[in-house]
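Structures given as structure tokens follow.
Below are two complexes that have chain A in common, paired first with chain B and then with chain C.
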Partner chain A sequence: MSKTVLEVKDLVVHYETDEAVVEAVNNISFSLEAGDTLGLVGETGAGKTTVALSIMGLLPYPPSHIVQGSILLDGQDITKLKERELRKIRGNKVSMIFQDPMTALNPVRTVGEQIAEVIRLHQKVSRKEAYQKAEEMLEMVGIPKERSKEYPHQFSGGMKQRVVIAIALACNPELLIADEPTTALDVTIQAQVLELMRDLQKNNQTALLLITHDFGVVADICKKCAVIYAGEIVEYGTVEDIFDHPAHPYTLGLFHSLPSLDEDVERLTPIDGMMSDPTDLPTGCSFCDRCDRATSLCSQSDPALVELSRGHYVKCHHCVKEEN
Partner chain B sequence: MAKMQTPAMARLARKNRRRKQEAGVSSLGYEAWKRLKRNRMAMIGMVIILLLIACAIFAPLIAPYDYEYQDYNAILQPPSGTHLMGTDNFGRDIFSRVVYGTRISIPIGLICVCISSTVGGTFGALAAFYGGKTENIIMRFMDIYQSIPSMLLAIAIAAALGSGMRNLIFAIALGTIPLYARVVRGAILTVKRKDYVQAARAIGASTGRLIIKHMLPNCVGPIIVQMTFSVAAGILTAASLSYIGLGIAPPTPEWGAMLNAGKQYLQTYPHMLIFPGLMIMITVLALNLFGDGLRDALDPRLK
Partner chain C sequence: MGALLEVQHLKKFYPTARGVLHAVDDVSFSLEGGKTLGVVGESGCGKSTLGKTILRLEDPTSGSIQFEGKEIGGLSTGEFKHYRKEMQMIFQDPFASLNPRMSVRQIIAETFDIYPELCPKEEIGKRVDELMDTVGLAKRFANSYPHELDGGRRQRIGIARALSMRPKFIVCDEPVSALDVSIQAQILNLLQDLQEQMGIAYIFITHDLSVVKHISDEICVMYLGQVVEQCATKELFNNTLHPYTQALLSAIPVPSLHNRRKKILLKGELSSPIDPKPGCRFAARCIYATEECHKSTPKLREACPGHFAACHHIGNMGET
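Here is the complex of A and B:
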């Protein structure tokens, strides 16, 4: 059994402003082993990025704070670490690929310098060695090293994302968090970037946490998948579990709102309504307002995450009953 | 048939060869210098600044007369062959005084700007970076600071410390600190929430590194503009202080003080006013051209 790299336990994150408390993440738990890939799927505002930022220790404080829970990285609880210790971890043990490669690179520094910077920050090497390593990283992501002296604006979007990936992987992190890494890219470039990430991840045995709202990307690259709704994991399982036997009404709704190649339909079936206001979540199941299977039980009590089949968890009253 | 080669083609080939060679040894500073070299106005500005500095260093060699020498037979002479810029009301050669004035005015302008931009900039950057309470405390303090007229503050400091060039510089620099705190804070705020700053944080960069390496280079524009303008302001404040006897004591030539002295003769002998004024103008213009070019050169997105 490979070792557990990341373990998130009962994580609750709130954004507290003068007007209201935004319950961004409510009781999320999951774990990742070396070489594992977990897809975190959910719509905008579900709390995906908040989870990622809490793992990086980058939550803006104030207004956000971790109310409870722990994030164990390699057995070390990063919610209790000081800024100085966090700095040693960031970019070294955990790195993050940001959503928009157009803005994630510093426009006034060459890409070579930017890759060398992370190496210099975490490894005791000379400037020259770091730069050489940076050039190697560039080659690794498929960019000729002669271009290391160029500035980000001289690269295309896909190339920039490759540079961002090179920065993220320069120190061989144990965990790589990719926050919608392909959202800003063309579909063809998306495929290239995903393939690159898959290869690099496989070679380095890096655990990958992929945040996305695109099931296609999840199917392409992930082994496991967690569906997030209103800051909670509503369904969790292997990609096969989720894609072949989706159980939670929200997951089903998501699949129904995707166009399918096999079926010929006039209209897609979207999920009615909007996501519940995170400042005022319902007492019961947070999906009950939009759920077509909702009963009085749903609006009164919050269902627990129950194991449906081995490794496949669902947070819904009805799925469990039907099984029984 | 042998390939025809026109002079234009040869020139192009030479240029390309040179470009290739240069590409091999480029670093950030070198890149910026290359871009700066191409900017003609910036180069003009730089040449003028270098000339002024040379003028300050070699003042005794350039000035035809002693700046203190008073020739009572030649009071208030208009510009002529013997006195290039004429003489003042004591019969002193204005050209010599202007030349010696570079030794006082240029350092005052430059050092004041360096001190106040460093101190003020640090406060502004920290305020913008940390936000919240830190920002409030620093900026409210700067507000109070700024509500004291800078002239009055400079007078008070100069009076407390006594006259002399070092105290004068100190007094003027202190007065303009809040200005820089404001400008730098604004500049940092515009880039604070940019993704690349967050990304830099995500690779484990420290606060100082974030500010100096990632934020400041992306917002030098307004800061450089402010700096070039304050050089002139510094020289003029020094003049005002000298005027009330708190700055450089006469007869040491100082452009601002010369302007003040010439005021009374504005209608009858304007040359007393024009030449030192012209020098201040040229200095500011040169710094401005240079600063503008520098800002463009530091931004690789502009070609």
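Here is the complex of A and C:
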């Protein structure tokens, strides 16, 4: 049995502004074991990035505010840590790959220095040793070490994302959070970066939390998948559960919205309407306005997350039963 | 019947300090009324420049653009004004392409200030309502400003604005890539409905092969300014000839756990479009490349009926 690296329990995050309270994350729980890969899938505004930032302890305060819940990293609740203690963990035990490699790097320092910086912060090594390690990291992500003295603008988008990955993995973290790591990249470059992440993750047994809106990317590298809507996990299971037996109407709707390469579909079936306003969520199920299975029950009571089959959880009163 | 739009040997070069940038290099195609031509490629392949050059937002370096049989490539801005209402564009970023200081109604009605002949003054209000209805925008948004609306609704404003001139032809430049999948599907359906009702022809520019497959009748695959493969949509997916198209297809993450394609991982990245060397532009990344590929540029040729590809090795791949 591998050890549990991350355990998020009943997390609720609000953004409090003068006008309203944005309920960004509403009661999310999940856990990750060493070597696990979990894909967190959802649309813009679903709260994916807020979850990631809470785990990193990077939520801006104010306006954000962890209302309840705990985030246990290696058994230590990081919501209770001070900034100074958090800094020891970030980049060391847990690190993050950001969406946009163009803005994640410091434009006035060489990539070698930027990788060495993380190593020197967390490990007692000399400047020279740190730089050597930085060069090794570059080679590991497929960039010749001769380029360590170059600046970010001299690299293309895919190469920059490799540098970001090298920085994230430099201290051998137990948990890696990747927030839309390939969204800004072209498909052929995306394929290269995903391949790289899959290999590194496998070799180092890092737990990976992958945040994305793309089911294709999840199918490529994840073992488990959580679908998130309006700040709640609406379906959770292995990728086989989610892709082959999707049970929540929202998950199903997402799959039907995607144009397929293998089948000829005359017309797509989109999900009606837009995501509900997170400052004014409906009392019942937050998806009920857009759901074609909604009944009066849905608008009155919020469904609980129930286990449909072993390890496959769904939050719906009328979840889709196997039709074949 | 002649084609609605006929583009021949279109080139668009930009002089830069480091040399001449070949953004669009010898592209030819024709488009019939009511049909959709998909243009696919990665960033920097010249697909947006192609769209802009056809609409004369950029002046072509050479080549001809014929719209309904008339040459429009060399017209002055004033002369082109007449054609602009027949040819419209929907832009990629619905956040940047709308004037933040104009309300939805003003944005759509601006057309009729520029082309007063399109709609008598007293009917403008009615026409704007009608257009908003066509694209599925509720009337209550007429006095809203773009920043108050989400991406999907903003893109609908862009579509309403393009439709206000009753164009025969619209260039859609990545109209759905900034949108979430559930909204993307709504916009794609809307574009298809409009085409059916009004017989509009589209050039649909995108990097997303699954979107282009869904919406196009014919597809052009571009690489570094050149068309590498061009044919009917079905044919392209059933009988992919060019090694770049094959790699592109295999690289798409498929949202399914079954019949997964074997990935062809390309080495390296796009080479520079500035002063490209002779020879096939894809050769440096191609697994089939031979000496010939580095020396001579393959011409776009008809490999099977109606299926064009630019590669020296069509037909004898697989043996390498």
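Here is the rule we use: the second predicted complex is superposed on the first by the 318 of 324 C-alpha atoms of A that agree within 3 Å, B and C clash if a C-alpha of one lies under 4 Å from a C-alpha of the other, contacts with A are read in each partner's own complex, and residues count from 1 in each chain.
Just so it is clear, a residue touches a chain if its C-beta (ideal position, glycine included) is under 8 Å from a C-beta of that chain, and two chains touch if they have at least 3 such contacts.
Since we're looking at a predicted model, the values are computed, not measured.
After superposition on chain A, the partners chain B and chain C are seen to fit next to each other with no clash. By the touch criterion stated above, A:240 is placed in contact with chain C alone, chain B being left untouched. Annotation for chain A, partner touching more residues between chain B and chain C: C.
By the touch criterion defined above, A:62 lies against chain B but remains apart from chain C after alignment on the C-alpha atoms of chain A.
After the chain A superposition, the centres of chain B and chain C are separated by 80° when viewed from the C-alpha centre of chain A, nearest 10. Look at A:178: by the touch rule set out above, it reaches neither chain B nor chain C. Of the two partner chains placed by the overlay, only chain C lies in contact with A:214; chain B stays clear of it.
Of the two partner chains placed by the overlay, only chain B lies in contact with A:121; chain C stays clear of it.
Judged by the touch definition given at the top, the superposed model places A:158 against chain C, while chain B stays out of reach.
By the document's definition of touching, of the two partners only chain C reaches A:44; chain B does not. When the shared chain is aligned, no partner comes close enough to touch A:294: not chain B, not chain C.
Looking at the shared chain after the overlay, A:108 reaches chain B, while chain C stays out of its contact range. The superposed arrangement places chain B and chain C with a least CA-CA distance of 13 Å.
Put simply, chain B touches chain A in their complex at residues 23, 26, 28, 132, 194-196, 198-206, 213-214, 217-218, 298-301. By the touch criterion stated above, chain A contacts chain C in their complex at residues 43-44, 156, 158-159, 186-192, 194-195, 213-220, 239-240, 243-244, 253-262, 265, 267-271, 274.
Of all residues in chain C, those touching chain A in their complex are 42-43, 150-152, 180-186, 188-189, 192, 207, 209-211, 213-215, 237, 247-257, 259-260, 263, 265-266, 269. Residue ranges of chain A in contact with chain B, taken from their complex: 56, 58, 62, 86-92, 95-96, 98-100, 103-110, 113, 117-118, 121-122, 149, 151, 153, 164, 167.
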